[in-house]
Amino acid sequence: MTDLHLFWVIQLAPLLAFLLIQVLPKTINKVAPAIGMAFSLTAALASLNLSFAHSQGAGLPVEFSRQWLVVADYAVWPNIPVPHYTLSVGFLLDPLNLLMITLVTTISFFVQLFSFYYMNEDPSRPRYFGFLSFFSFSMTGLVLSNNLLQTFLFWELVGLTSYLLIGFWFEKKSAATAARKAFVINRLADLGFYLGIILLFLLFGTLGFATLKADALRNVLGHGTLTLIGLLIFCGVMGKSAQFPFHVWLPDAMEGPTPVSALIHSATMVAAGVFLLARAFDLFSASHTTLLVILSIGAITALMSATLAAIQRDIKRILAYSTVSQLGLMVMAIGAGSAESGMFHLSTHAYFKSLLFLTSGAFIHRFHTNDIWEIADRGGKKDAVALGCLAFGLLSLSGVPPFAGFFSKDLILEVLKHHGGIFFYGVAVLVSFLTAYYSFRLFFVIALSKIGHEVRAHHESLTLKISRALPLFSLAALSLITGFTGHAFHLNMELLITTVILVVAGGALAYSQFKDPAAAEAALRGNQGFIFKILERKFFMDDAYDFLVKKVGLALGRWLNAFDRAVINSLMVNQTSFSVMRLGRVVSRLQNGLLQDYLAWAVGIGILIVFCFL
Amino acid sequence: MSAAQSLSSYLLISAALFSIGVFGLLSRRNLVAILISLELILNSASLNFVAFNKFSLVDKALGQVFAIFIIALAAAEVCIGLSLILLLHRKKDSINVDEARELRG
Amino acid sequence: MGGRHRHSDRFLLPMTPPFPILSAILLCPVVGLLLVLLTPRKYETLIKLTALASALGTLVLSVVLLFIFKPSVPGFQLIEHMEWIKSYGIHYSNAVDGLNVSMILLTAIVIFCGILVSWSVTYRVKDFFANMLFLVSGVFGVFMTTNLFFFFLFYEIAVIPMYLLIVIWGSTNKEYAAMKLTLYLLLGSALMFAGFLYMYSLPDARTFDLIALKQNVRFTPEVQNILFLGLFIGFGVLAACFPFHVWSPDGHVAAPTAASMLHAGVLMKLGAFGILRVGVYLLPEGARHWADWVAVLALCNIVYGAMVATQQKDLKYIVGYSSVSHMGIVLLGIATMTTVGFNGAIFQMFAHGIMTALFFACVGFIYDGCHTRMLDELGGLSKQAPVISAFFIIAGLCGLGLPGMGSFVAELLVTIAAIGTYPAIGIISIVALLITAFYVLTAIQKAFYGPANPHHADFKDLDWFQFIPRAFLVACLIFFGIFPDIFINWVSLSTKTLLGIG
Amino acid sequence: MMENIVFFGVVALTLLGAFLAVSLRNVFYNALALVLCLFGVACLFIFLNSEFLAVMEVIVYIGAISIAIIFAIMLSTPMLQKTEAPQDRLKTLRSFVIAALLFGGLFKALQKTTWPAAGVDGDYSLHAIGRLLLTGQVLPFEAVSLVLLVAIMGALLLAEKK
């Protein structure tokens, strides 16, 4: 099979699964998971095939492109490098998205497998697997596309599936609201992206990744314009990758089914922003101002959400904030000028974070609660498979050597140390420390608590057991292996020591606080400190959005609506018709039925007219 | 030339008759009085015709013929007008023109 | 222009139609109307089938027209001309170019789906379908005629049945809305006709023929400015331009489902079409002169319509105001006076027509089942009626400009043109996408998500028959969203000619 | 000279009759004043050499029309109640102003116009009138006769007691 065939397989297999699941009658919807898994396995195998064919970057990049839409066959904007404006569609494969596509398809397969277990009892499974397949379709499209507009297209589709899956249990009001919030905030961020694309298209004339080279851009566009476009497109990244100040949707997005969080809100979709940063890196690196902004935003996000992760009780929220924080680290790395390190952390993070989420899903599915203390209370530590995998994931997350997280995080620290300046390096170190702290906190709470009301696992069939354990084990293995795939990594002793010290310090702090989780919980409840309050209110970000939407946006809408009803509808329209009617009533008073009045008018006016002619 | 032999004196008389008729038409409430005023107006017209017949000749007898027509029409008009007045009197027990205002808007 | 065009030309050139296809399209609903009128009142199914057959006929013929139509030929083609009143230059003459070929298709699609959707009408069936067919023949006439007198005539033909449809089969304050809509539309047409008469009275004119006017009459700049202003207000009323928009939400709300579909899907496009066909075609200088103001009004439409929509409680009002917002995009495209903007505007007319028809088809179905359209009284419909809610959600997503749908490409083109011409207005207009997302999603959340409302427990989902028209509309939306080049190919040469480029 | 005196006398009679016909309160007196005025007009016809018309005026107008009006008055209102309610002053004033304006307008028009003088005298014989009625003006003549017929029938129909 040629590359193009493989692309089509990877791209269309999930879509086909989606369509099949939609088309098949309801009576045989038991096969929906099978369809979803079969097609995602196909896609995964195809992408593995692709990555073996091009191992070590042989024969890359490969591009297939086709004209999609002629916008104008003349230069809309003066002094433009191209004579006509054409949008195209196509595939572009380079080492960057080869890595990404493998990651997306494999995790997608594992998550589908795990979902078979997780969603076993849900009556609307077909819808779930359909959406999941549709997500895979959109995500592969995003990764494979060869230009910004196509990326944007799938970017939005990915956002849509995220919306649909967060709101999967739409009967719950909180889920529906969270879905809407995610979509609207992403939309807000995407406006910047959209505008950036349009500006770039207008001023540069082409959107293909292959043509977006830093030198070419600098030749055509000024520094200010480049910065503007870069920041606008980064705006979209901030939305999708949940960077400050658009991060607020991600913790709420945990209302969706947990495998969805594993796939979309940790490994793939939220990583799409970082992926885009790396993909169109020249666009950002063409202006050092852009890079500085990216670096700062990443730093703020990483630090802020790491602190927030440290106080959460909901296991998924801990992981969500941790995801935001790790994404912040990746963005920082790219902002510091190293797309490779960001992407490397992205790939390792994808595996261990989806592992963590699936583990949390295993807990939640068995114990029916999200609260870590309650999980512990109901016998969380008796679930050996889940606890083991949790430990694997957390070790990787906190960067313990030789787990994958260690290598990638070290690389980022190194990059930041050399290119980011001491301040950002410090932030990253602090974030690593906090990461270790909240990871160990999570682990200690579950592992060290006493079991109160134990919930026994009900009997599960062998298929279910496999579909539960297989993804967990595979991802655990992957989160161990992937660290060594990072090329050209030389062990830096200084950093190794720093990392180990950070992990040990974080672990020790967590142990000192949570060696008796019950007491710690009591202390947590009793804590009324100022800082704690701020953390509990998530730095008032949600309140700020609430204010903006309710007090500014909706108030403006209310005002305009009142204007529409009162001024335009009543005053301008109805009053016009009323005054016509009123005028009619006045004029009809002339017709009073008195014959002589009519005559007097007629004769009088007639005479006056005659006088005019005399 | 004597006043009796000048066109303008007759036209003036006719104008005066006409104006008096209009005055009556506009001021009286009694329908019969209005009818009487109408007669005055018609008479002023026929006076005009006859005067023009004499002083500003187009045809030897055309003005007189029209005066005859006017007399005939006046007869018809009075005929209809009086019966209408009778009808109104029967309906409203009054021949006041202000009473007949069913068509007001 | 790629090789495909040349290829298709060679393939299609021998295919001249053996009969006047435009008149055939126009006559299809007329014949249907006559047949419906001749059918006795009690054979309701026969009446419905007759109406459906004539709608299907127009649909097939308009698709055939698309294949006969040669996008690479500039100017009008397939001209049908029949002299009627020669001394006044009033002729029955039809022609197509890139501007109206898609509008004819749109009308055919919407009427086809509209008749399928109105299968559930039970009250005065014969009159209903007769009115629908009468209305649509007027609309076809407006789109295809090249004579201003007939333009006006057909337009009036389209307005009057709309009044009847709303007054007899409508709901919610229908007398008021119908009267308001009719008065507005007549006001617009009065201004329009005044403009036509003024053109007729100009030296060297003495004709209502569009092509003859273009060729013979030199419109001085002052005349162009005045005329374009008058015509723009006249047509702007039809296109629900900002201060004249209130008829449209009220009218949409009161109208029965199929009438709303036609009304929002097609009738509102008549205004924008008229601006292009008459205003810009004959008075390019006037259009340029007023373009800035048009752009500002269009921006008002876009943002204001969306903001007001956020406050609505009635599903149909939401859709109504979203139409106001989306028509603003059309006007903005026109205001840019560039081919990109024109292409986008026409594409948006098409995409919005289909999208809003889909919207109303869904809302109408929900109203029939639940007897309410208020958001607070709905809720959780997605549980018991997943199909209809899926259709509504698709329409909503199209409304908020989701890529892959027709309206995304349209909005993209208009935005590109707008940012190129009026950067500030273009950028502000993008904000509407966010507001649209907000109100669409809020409506979806309130109506379809959340706990199910026990009042609507017996609400039945779509059956396969009612599935067809909505699925057809969705298919059109997605098809043109994925292959926009087909559409742009139809219009691009005509918009260029319109602007005098190339 | 004598002729002038008589003429002015007749004019005064006519105008006085007209004035009384519209200004007296009692309708019955109005009708009598109308007779006076019509008589004056008949005299004026004689001044205009048209004896036939004068005779017609007296016979038709005074003999038929006025008498019909008097009959109507007697039929519709008892003698004693013929006096109208006091006039609305505003209405009278308005009517007077309009009538004055009208007269002023006619007067001004009369003054401004120069009339072509007649070259020949008219033919006032019954013969000429009859000939004209039955030749040149036969169509209006027939129309008027029709109108009269219809008027009589209409009057009968209207006055019929139901």
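Read from first to last, the chains carry the letters A, B, C and D; within each, the first residue is number 1.
Here is the rule we go by: contacts are C-beta pairs under 8 Å (C-beta built on N, C-alpha and C of every residue); 3 or more make two chains touch, one makes a residue touch a chain.
Quick caveat: nothing in here was measured; it's all calculated off a predicted structure.
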Contacts shared by chain B with chain D include exactly A
Between A-C and A-D, more C-beta pairs in contact link A-C
So the chain most remote from chain C by C-alpha centre is D
Distance in whole angstrom between the CA centres of chain A and chain C is 36
For the pair chain A and chain D, the C-alpha centroid-to-centroid distance in angstrom is 102
The distance between the C-alpha centres of chain A and chain B, rounded to whole Å, is 97
Chain-centre distance (mean CA atoms) for chain C and chain D, in whole Å, is 70
Contacts with two or more other chains occur in chain B at residues 22, 25-27
The positions of chain D in contact with two or more other chains are 91, 94-95, 98, 102
All chain pairs satisfying the touch rule are A-B, A-C, A-D, B-D
Chain C contacts chain A in the complex at 1-2, 180, 183, 243, 245-247, 304, 307-308, 310-312, 338-340, 380, 382-383, 386, 397, 400, 402-404, 408-409, 412-413, 415-417, 419-420, 427, 430-431, 433-435, 437-438, 441-442, 445, 448-452, 484-485, 488, 492, 501
Chain D residues touching chain A in their complex are 91, 94-95, 98, 101-102, 105, 108-109, 112
Residue set of chain A touching chain D in the complex reads 596, 600, 603-604, 607, 610-611, 614
The answer for chain B against chain A in the complex is residues 22, 25-27, 97-98, 100-105
In their shared complex, chain D is touched by residues of chain B numbered 2-4, 7-13, 15-30, 32-33, 35-37, 39-40, 43, 46-47, 50-51, 53-57, 59-65, 67-69, 71-80, 82-87, 89-90, 95
